[in-house]
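Paired with chain B in one complex and with chain C in the other, chain A is shared by the two complexes that follow.
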Partner chain A sequence: MWSLIQIELYKIFRRPRTYIAFGAIAALIVVIQFGLKIDGDAYAGFLMKDINDTLTVDGKVLNGYLICYILLQLLLVHVPLLVALIAADMISGEANLGTLRLLFTTPYSRTHWVIAKFIAASMYTILLLIWLAFLALFASMWIFGTDDLFLMKSNYVVLIEQSDVLWRYVGAFVFASFSLLTVTSLGFLMSSLSSNSIGPIVGTMSAIVFFTILSTLNIPLFNIVKPYLFTTHMNNWKEFFDIKVNIDNEAIRGSILNIPKIKTSLMVLTLHIILFVTASIIIIKKKDILS
Partner chain B sequence: MFGVFCYNLSMAVIKVENISKNFGTLKAVDNLSFEVEAGQVFGFLGQNGSGKSTTIRMLLSLIHPSSGSIELFGKSIQKNRASILEQVGAIIERPDLYPYLTATEHLQLFAKVRKQKVAAINITKTLEQVGLSHRSQDKVQTFSLGMKQRLGIAIALVHNPSLIILDEPTNGLDPQGIADIRSLIQYLAKEEGKTVFVSSHLLSEIEQVAHQILIIHQGKKMVEGVTKELLDPEKRIVQIKTLDDVKALSIIVAGGFSQYLLTRKEGIFLKLPTTAIPMLNESLVQSGISVLGIETKNSLEDYFLQITSNA
Partner chain C sequence: MHPINLKNILLICIILACGLGMPMQTMAQADPLIEKVSQKLAQVNDYVAEGVMKTDVSFIKASLGKVKVYFKKPNLLKVKKEGGISLLPRGGVSLTINTLLNTKQYTTIPSGTQVLNGKNLTVIKLIPTDDNLDWVISTLWIDPVEALVYKTATTTKENGSYEINMQYGEYAKQGLASKIIFSFNTKDYKLPNGITLEFGDEDPTAKQKALKNKKGTIEITYSKYTINKGIPNNIF
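== the complex of A and B ==
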């Protein structure tokens, strides 16, 4: 199996298309960091305009931790689209190229190949996330420095001590990896249904957009299905930055407000991954390879 | 995952029994049966769309047969896929490859998925065998169709398989390339004792290399037999071209050749021994018929052309 994973990784990283996502993420992050470096104070002032009269904040609000939070909010919506570029092409791209029949006439079973391809695509996704973490978190920490994390929520503010922040990002990135792996597995499922590259990529992107809209709309009819949609849970990495408070309304260091919500989301995402990959294996096993 | 593999040399390497494949209402392969013995070059002939590639895909378990059974090396391909395919090398239709990889990288990649380790020297040797050693480090995107075809054959050979299945291996090759592949097929069977199953839509390609020929048409077996017997010179068909076919026909009948006449719309055709051709020509000329030409065709070639032209 390891040989097959190596082969799949080798093929992924020999394709120029693979690097588009890395380049796009780097370009976006650098542009945002540049903008905030030049005009960050104005941006911070705008963010805090509603509470400036009631609250005085000491220290550096616009620090590396906040920049990373802003970047993740912006990018974790769009990164799935970049993941789909590779994941949705893993099987259909080879079917389109005609090389799938070469792979499937080797002594390894189709199930082996599909699993190897999924693992390779997942490794690509994780690498993309590590790249995102490196640029969004570590580069921002280096450029903007560190301080306590001050977050404006819809009807309250959260202040997390800087020594209590880094592990939350680790948790958030681990959570995000589950979200992106769900997208990878969805792309994979679409890929197993088609023999051309474009259809599954567009299909995956469309599905993400469609379900995201369903998850966002506050219509009673849709509220029934919302808990079961993966898009409802994909953004729950933010839960790592909601902190418990004591009776004096002071933040409890090292706490998370809603751990069950994170657990439920991880479970729903994991079930989606298992469902999508299993469906892909069944489809490919039954499929006549005609391309 | 790989089982221990052994088989008796005297048994059929490929044994196909009553396989059919339906795509909706289309019957792509219809109740086809044949056997291929070890060390043979087996020619699988048929026009484009006759069911050759579908059959080959079923042999390689890329397509599931609607009915029938396939055994390779005495074992069912469906039940012993991994151990069987370890011993098989194949190219199917077009030589589709990864444009961003070099020829050597392709062979390294496909050598890696084999149980037995393929030595680097084998990769160099295989590229030499197919005449690609001078382009070994070039990316496939710079290759011509013929070069891709050669690389496809190299991929089929790199792990030294016992059975080689080549689907239209000379597609896109120039005359020299076709001759090279023909020599390679003969070498593989004669010198290395491999079984080669080769498909083509051209009889001329197959008749020079195959010990056994099978013609398939619309998914059905039309003819099967030993090449030498099928191409017997004593079973030739003669086409007579004259300025006056009606008069020529009456002379043929009067001359006692009527038993050899074949009913054809497109001209005068006779199935007669080669030795009788000069006699027939003489009687026509002596009767004042202007003979424009006498073409002899092998009966198999004629039969094959008939199938092709009727399609």
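== the complex of A and C ==
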């Protein structure tokens, strides 16, 4: 199996398209970091307009931890589209080139190949996420320094001590890996249904955009289906950054407000991954390779 | 009969003004209890106090934080959280009893007595005589026996009203509190979802709580004071 994964990884990293995502993420992060470094105080002032009416905030609000949170909020919505570029091409790309028939004539079963391809695509996804974490978190910490994380949510503010922040990012990135692997598996499923590259890539992107819009709309009719959409759960990495308070309104260090929500989301995402990959295997096993 | 000339009229006016005006002013400014409190506070030229700060504002989730409070005569005061972000009531934290009384630019109005937490306290109102001061009026609840201020309520020009409750312990002799509770009014906090990118995942309990409670408190419990050891001005 490992040799199959190596072959698939070689194929992925030989294509120039693979590096588009790494380049795009780096460019976006660098541009945002540059903007915030130059004019971050004005941005922070705008965010804290309401708070400044009542309180004086003393300290380095715009630090590496907050920058990373801002970057993740912006990028984790768009990175799935970059993941789709590779994942949705894993099988259909080979079908398009006519090499899929050749693969399936090797002594390895179709299931072996599909699993190897999925693992390779997953490794690419994880590498992309590590690259994102490196630039968004560690580079921001280096450029902007560290301090407490002062998070301004829609209705309240969370102030997390700096010694209590890093493990939350580890949790958030692990959670994000499940989100992105769900996208990988969806792209993989689309890829198994087609014999050309463009269709599955556009199909996966369209599905993500469509379900994301459904997840974000606060219309009662859609609220019924929302819990079953993977896009609803993909954004729940933010739960790692909300803390419990005791009866005296003191934040409890090291706590997470809604652990069951994280567990449920992880379960839903895992089920989606299993469902999409299993469906891909079944489709490929039954597929008549004509190209 | 000496003729009454303009020079004599002027002299009489000056004598009358000094004779009637001055005692009134002295009566208003030199309240003996305020003097007693001021004398107690005068022992302290500067201090560094270590303590724990608790922020209780309905829309803020913050944990307890270690703070250092720096004070230098006449009215320099700075609260610094050790390695972190601190939230303090806008303009209010500097209006402690030291900073109010050390300006010496006020008129006092005795306002009777009140029982507060079982203590019979004398109530005195302070009105600033300097228009440039930030505060408009301040009410002090003072223990006449110990000459300790247990509560102040101050209205400022630009930053609303503040109430400060004080408890005393080890450093009561110098008039320094062991615990200070700042109470202040908070305004609404709301950021559009488009800015926070939080679509459809509001915390309804926090929202409900924010609407109910419009009063915030900052509580500082002091563990140690270092008095009259000198503090450089660049701290403030």
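Going forward, the second predicted complex is superposed on the first by the 291 of 291 C-alpha atoms of A that agree within 3 Å, B and C clash if a C-alpha of one lies under 4 Å from a C-alpha of the other, contacts with A are read in each partner's own complex, and residues count from 1 in each chain.
Just so we're on the same page, a contact is a pair of C-beta atoms (placed from the backbone, for glycine too) under 8 Å apart; a residue touches a chain by one contact, two chains touch by 3 or more.
It should be emphasised that the depicted structure is a prediction, and the values quoted were computed from it without experimental measurement.
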Joint occupancy of chain A by chain B and chain C, clash or fit: fit
First (chain B), second (chain C), both or neither touched by A:N235: second
Once both complexes are placed on the shared chain, angle at chain A toward chain B and chain C, C-alpha, multiple of 10 degrees: 170
Which superposed partner A:R14 touches (first chain B, second chain C, both, neither): first
Touching partner for A:V57 - first (chain B), second (chain C), both, neither: second
Of chain C and chain B, partner touching more chain A residues: C
After fitting on chain A: smallest Cα gap, chain B-chain C, Å: 41
Footprint overlap on chain A, where chain B in one structure and chain C in the other make contact: none
Residue numbers on chain A that touch chain B, as the complex places them: 3-4, 6-7, 10-11, 14-16, 97-99, 101-109, 112, 286, 288-290
Contact set on chain B toward chain A in their complex: 1-2, 57, 60-64, 81-83, 85-86, 88, 90, 92-94, 96-98, 100-101, 109-110, 112-115, 155
Chain A to chain C touching residues, read off their complex: 47, 50-61, 73-74, 77, 147-148, 150, 152-159, 161-162, 215-218, 226, 235-236, 238, 242-243, 245, 248-253, 257
Interface residues, chain C side, partner chain A - complex: 54-65, 79-81, 83-91, 93, 184-193, 195-203, 206-207, 210, 216
